[in-house]
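Below you'll find the structure I mean.
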Amino acid sequence: MRILVVNVNTTDSITQAIARQAQSVAAPGTEIVGLTPYFGAESVEGNFESYLAAIAVMDRVLAYDQPYDAVIQAGYGEHGREGLQELLNVPVVDITDAAASTAMFLGHAYSVVTTLDRTVPLIEDRLKLSGLYERCASVRASGLAVLELEEDPLRAVEAIVRQAERAVTEDKAEVICLGCGGMAGLDEQIRQRTGVPVVDGVTAAVTVAESLVRLGLSTSKVRTYATPRPKRVVGWPLHLGR
Amino acid sequence: MRILVVNVNTTDSITQAIARQAQSVAAPGTEIVGLTPYFGAESVEGNFESYLAAIAVMDRVLAYDQPYDAVIQAGYGEHGREGLQELLNVPVVDITDAAASTAMFLGHAYSVVTTLDRTVPLIEDRLKLSGLYERCASVRASGLAVLELEEDPLRAVEAIVRQAERAVTEDKAEVICLGCGGMAGLDEQIRQRTGVPVVDGVTAAVTVAESLVRLGLSTSKVRTYATPRPKRVVGWPLHLGR
Amino acid sequence: MRILVVNVNTTDSITQAIARQAQSVAAPGTEIVGLTPYFGAESVEGNFESYLAAIAVMDRVLAYDQPYDAVIQAGYGEHGREGLQELLNVPVVDITDAAASTAMFLGHAYSVVTTLDRTVPLIEDRLKLSGLYERCASVRASGLAVLELEEDPLRAVEAIVRQAERAVTEDKAEVICLGCGGMAGLDEQIRQRTGVPVVDGVTAAVTVAESLVRLGLSTSKVRTYATPRPKRVVGWPLHLGR
Amino acid sequence: MRILVVNVNTTDSITQAIARQAQSVAAPGTEIVGLTPYFGAESVEGNFESYLAAIAVMDRVLAYDQPYDAVIQAGYGEHGREGLQELLNVPVVDITDAAASTAMFLGHAYSVVTTLDRTVPLIEDRLKLSGLYERCASVRASGLAVLELEEDPLRAVEAIVRQAERAVTEDKAEVICLGCGGMAGLDEQIRQRTGVPVVDGVTAAVTVAESLVRLGLSTSKVRTYATPRPKRVVGWPLHLGR
Amino acid sequence: MRILVVNVNTTDSITQAIARQAQSVAAPGTEIVGLTPYFGAESVEGNFESYLAAIAVMDRVLAYDQPYDAVIQAGYGEHGREGLQELLNVPVVDITDAAASTAMFLGHAYSVVTTLDRTVPLIEDRLKLSGLYERCASVRASGLAVLELEEDPLRAVEAIVRQAERAVTEDKAEVICLGCGGMAGLDEQIRQRTGVPVVDGVTAAVTVAESLVRLGLSTSKVRTYATPRPKRVVGWPLHLGR
Amino acid sequence: MRILVVNVNTTDSITQAIARQAQSVAAPGTEIVGLTPYFGAESVEGNFESYLAAIAVMDRVLAYDQPYDAVIQAGYGEHGREGLQELLNVPVVDITDAAASTAMFLGHAYSVVTTLDRTVPLIEDRLKLSGLYERCASVRASGLAVLELEEDPLRAVEAIVRQAERAVTEDKAEVICLGCGGMAGLDEQIRQRTGVPVVDGVTAAVTVAESLVRLGLSTSKVRTYATPRPKRVVGWPLHLGR
């Protein structure tokens, strides 16, 4: 089974870290392919960048010319998943949904700890649209930008633990979701520090994608995610015009 | 005052119809400028096309090099408004929100009549995110595609009236919103046929945009719609690379 | 165009202040007429006074014997708007709704800062009924009574700013609505102090009312706001019996 | 114990029917006093009439000069209960709330069958504000006006049964609430015809009022229903000026 | 009238205290019978113990061989009420629901003060399922275990008052519900200390049960609480096999 | 890895069918152990039977004396999962949650098709408590009892397909969940007949359980699902006393 794990930003080192993290939990026989979009922001921290990432991720997946069994969109709280679901016939898993869905098996309520405060409303809105917000105790910002996570993992762990502890104590969260693809690999440290289960969206998404493939299930095509109607689309895919 | 009215699809005749409709209610001294995106689908009827439109609209607005006071995104239930709000300092009005917001002053509940069934969930989701869904009695599909509206306005009126009447009788709507930029200009006929107020999003958006400008109000920049942080963004704006 | 702006309390100086504020944003050719009810409380700060105001406002409007194009009910979070909508054929705009509706175009969430704590639940309930509560971050009380606002505007600004700042910081509001007709005219100072858009319900309502008139739209009469059935009503209108 | 049962309309025969119905379930030693407002509509079927009733009921209770232990507002889905709660220190029970609250002990979901369709949104809104709407399967209109119930009880039973049966079959209601004070006394016939528990708001309210008195409980005065602040109120109570 | 009041734990002294409290408000002619389950935990503070109690309560009621008119389940926020409603034809009243329902007649919002923090989510969930959560301001834990309440009533009062005061001040509760059957009898002291109405679920439930019996109302049998279908049930009732 | 799959009824043939279905999708190296409770109903179709099953499942798992890695509760919409989560340290997966959670990755909305109408409210309530109800379009009853499914699989398929088609057409479901453990194995036929993805809770739960184990995640013990406090529990586990 081959699973495409698509980063939402254009920073290759993050793509590689995500792919490594994904491969670490993949079942024997599952090949993880990490993809970086051809255009977009070096980190995605807001609506404009997220919308650009949405279309860049679709563009990048369409440019991939080998067969694959599932696609993981590895950005937390980003736009675009629904578009991929229309364009593809294989399952599409967003790490936001995979993390929340996994967390809900582990506790009565979960919180998300993410990067900057400005991304909090995006994450809340995406969880609402996915129907996974009801048991969300809070979305909290660590205050660190995406690229700062990579530069200083120790500081990142501290900042995330601080918010995770408040989520448990004040917001009554029982599980923590790491709210950024760039936090991949920090889960174990944070679990040890907080004493609650910590869900990393990337690894959660790998198991969800594998499960769907194994169950022979893929996106329903009867309504919302039906294949786009044949029509004139100017300048698409965007990588062709570049 | 100059207001940019941006179509979400690449069909120029629709842009022109929308701009005419907008100008018809504009206050003396308001200039309406209709813009067509440089890339995207000839009609937007689903998530992929809508995400592409989102970024194409932002791209098109950034390419406009004259001063302006407000921007109207003239697609019903489409993605992207939040991105424009980040990028711009002038007010941004989506016709989906303008229509719903206006309808709520006129009756206890409103319904939207749109084009194809596949677009219904998008519209519902966008209204939920905007916080304007609580008084929405239903979103109904006429079954006509966007481009069919233009080709056969008589048939369009019939199909919309049929659903509007069911919305009033079965769903208890008291006001009807026309759920497609391409329906601009049909409101009067449908009002006469159904006996309830009919809100056209384009004209509603013009009055909202003018009101915000007149009140000296624009998008809050403290959190969700703060200006994007300075960072490396590859290949943007997209029209530059073409 | 003539718009009636009806105060909810019986204090003439507040009526005048509201009317001045309304006229300040009215379009050329719009005449604002301020009306004070014939009976009721000198300030409205609770359910009893608000219910009395509801009926006093309807009574006062019916006593007005000149033509008019729209009515604004200039009390924040008060009862009665639905009754006016039944009795009249012209648009009726409540400043509570106008402020919230305007605020929602400007930010992801808004807060209301009002007078006394006891009025907070009324405002919350009215916003819920209007379907505009979903994006309300909080309703906060300044602790000042309605008449204290007039007596000491400086202190009023301080008290409002204090709560507005907490609304932004703690409740994540991005826009502030001034939650009392008597706060008319304070918006600019509070905007400067807080750095977020501040919406005054009176001026917002003027633009909404003008917009509805310009669009040729008025209250739907098919169900909730249908004209009252002809029947025996003892002692109404109340001003006739006095 | 003396309980005031206040009609919301000015039709004496309805007041008497309600009072008889109330007395029929009252505990030994409970005296029911039926009161008719001094002004208002002969039947209440909409917002204007309901707002007028709200203030007329308060006015009528204040005019009652004997001691009493509780007040029942005997109109279904009407405005005003919160005002009475502010003005009085004894418990206030609205029959809308009493019926819904009682129904919720009897089944998983309840429906209300009321008079005219135009009153449905009022009832829904009042139940929402009271926090009793979550388990409401539907509010259905029999199509009969309030005064028609009295004139032709047989036809009333038929019309109510027809909607009650649809509520059970289509809306999955398990209990029916009679949604009009004027339906008092029809519960037994409708129960026999539909096979589900039928709750009459007036008798339910008597048991609730008696229970609150027996438990030594009354309205909380700490916030929403605090006694109105001392202030100048022009022309109140209204019956004094007549 | 005979009402069974069933404790959820196996501590006889608590059963007796509950029964005394119930009898204290019972109408003349109402006989209260306190029952202790044959199996289960000495105190119920979590899901496992609550599920065990659910079935032990049903088992205990079935073992009671005298006639009775209503059953009260005297545990706060526990599972099982729906099962009793299926098995019995007389009304079943849970003290959680009775307290919340009573509190909603007394104020705009209520809070529950319970024992241990771990029981808070159960109570919230039970209130949600009962449709009585909308006006719940908060559920707060005193930090005392059920059996500690009995051992040290003074300390219990202190701990409950502390949380009740925070509920009023911070959560805007206007009424307090005592969230544990074992708190029966403390209501008067807490009312004096906090100045807000305090509802004890046991006494509230007695008045609700009496009211339902007096109104001739019992559980609807058309759907959710229909009598179990005749079928093979191994080992039930459980007390028979012991 | 060993996963216990616990039936909720006492019919061995259903346990075996469920276990076979579970094994069919289990990863290499996963051993499925089917368990039948020692007491309870031959089929579970209502609250009493479900509560009895809840405690019988816990009792049965505690009686199992070999090591295991996860537990699946194989009843649709039944009580008890939270109790197991308290008692155990390994992950607990309810097939109701697993099916809904899986369905939400496949379409914008899902419906459940279950057995008898009386079980519908239980399923809806369980999904609400799990926070997975938001995207549930409907829960529909096929009208077949649990044991009839086994007796006549052809008729079962027909009855399920009929409701599944209505769920897609009328309720706008895009995915169907089979709402009964006894439907295990029918998914493929129903998928072919309806053209939408069909999720069987048992197989979905196997992949969820395996995923949690693989990710090293288990139930959070900080609050709701903390291990029961040490205390006297009479007559537990129940199988010991038999």
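All chains are identified by letter, namely A, B, C, D, E and F, in their written order; residue positions are counted from 1 within each chain.
Keep in mind that, in the parts below, a contact is a pair of C-beta atoms (placed from the backbone, for glycine too) under 8 Å apart; a residue touches a chain by one contact, two chains touch by 3 or more.
Remember, predicted model here, so these are calculated numbers, not experimental data.
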| item | value |
| --- | --- |
| Chain whose mean Cα position lies farthest from chain B | E |
| Most widely separated chain from chain D, with each centre as the mean of CA atoms | A |
| Centre-of-Cα separation between chain F and chain A, whole angstrom | 28 |
| Mean-CA-position distance for chain F and chain C (Å) | 52 |
| Centre distance in Å when chain D and chain F are each reduced to the mean of their C-alpha atoms | 44 |
| Of all residues in chain A, the ones touching two or more other chains | 108, 121, 172, 223-225 |
| Residues of chain B touching chain A in the complex | 10, 38-43, 45-52, 54-55, 58, 79-80, 82-83, 85-87, 117-118, 121-122, 125, 128-129, 145, 223-226, 228-229, 231-236, 238, 241-242 |
| Of chain D, residues touching chain E in the complex | 25, 27, 91, 93, 97, 101-102, 104-108, 130-135, 168, 172, 174-175, 195-197, 199, 203-204, 207-208, 210-212, 214-215, 217-220, 222-225 |
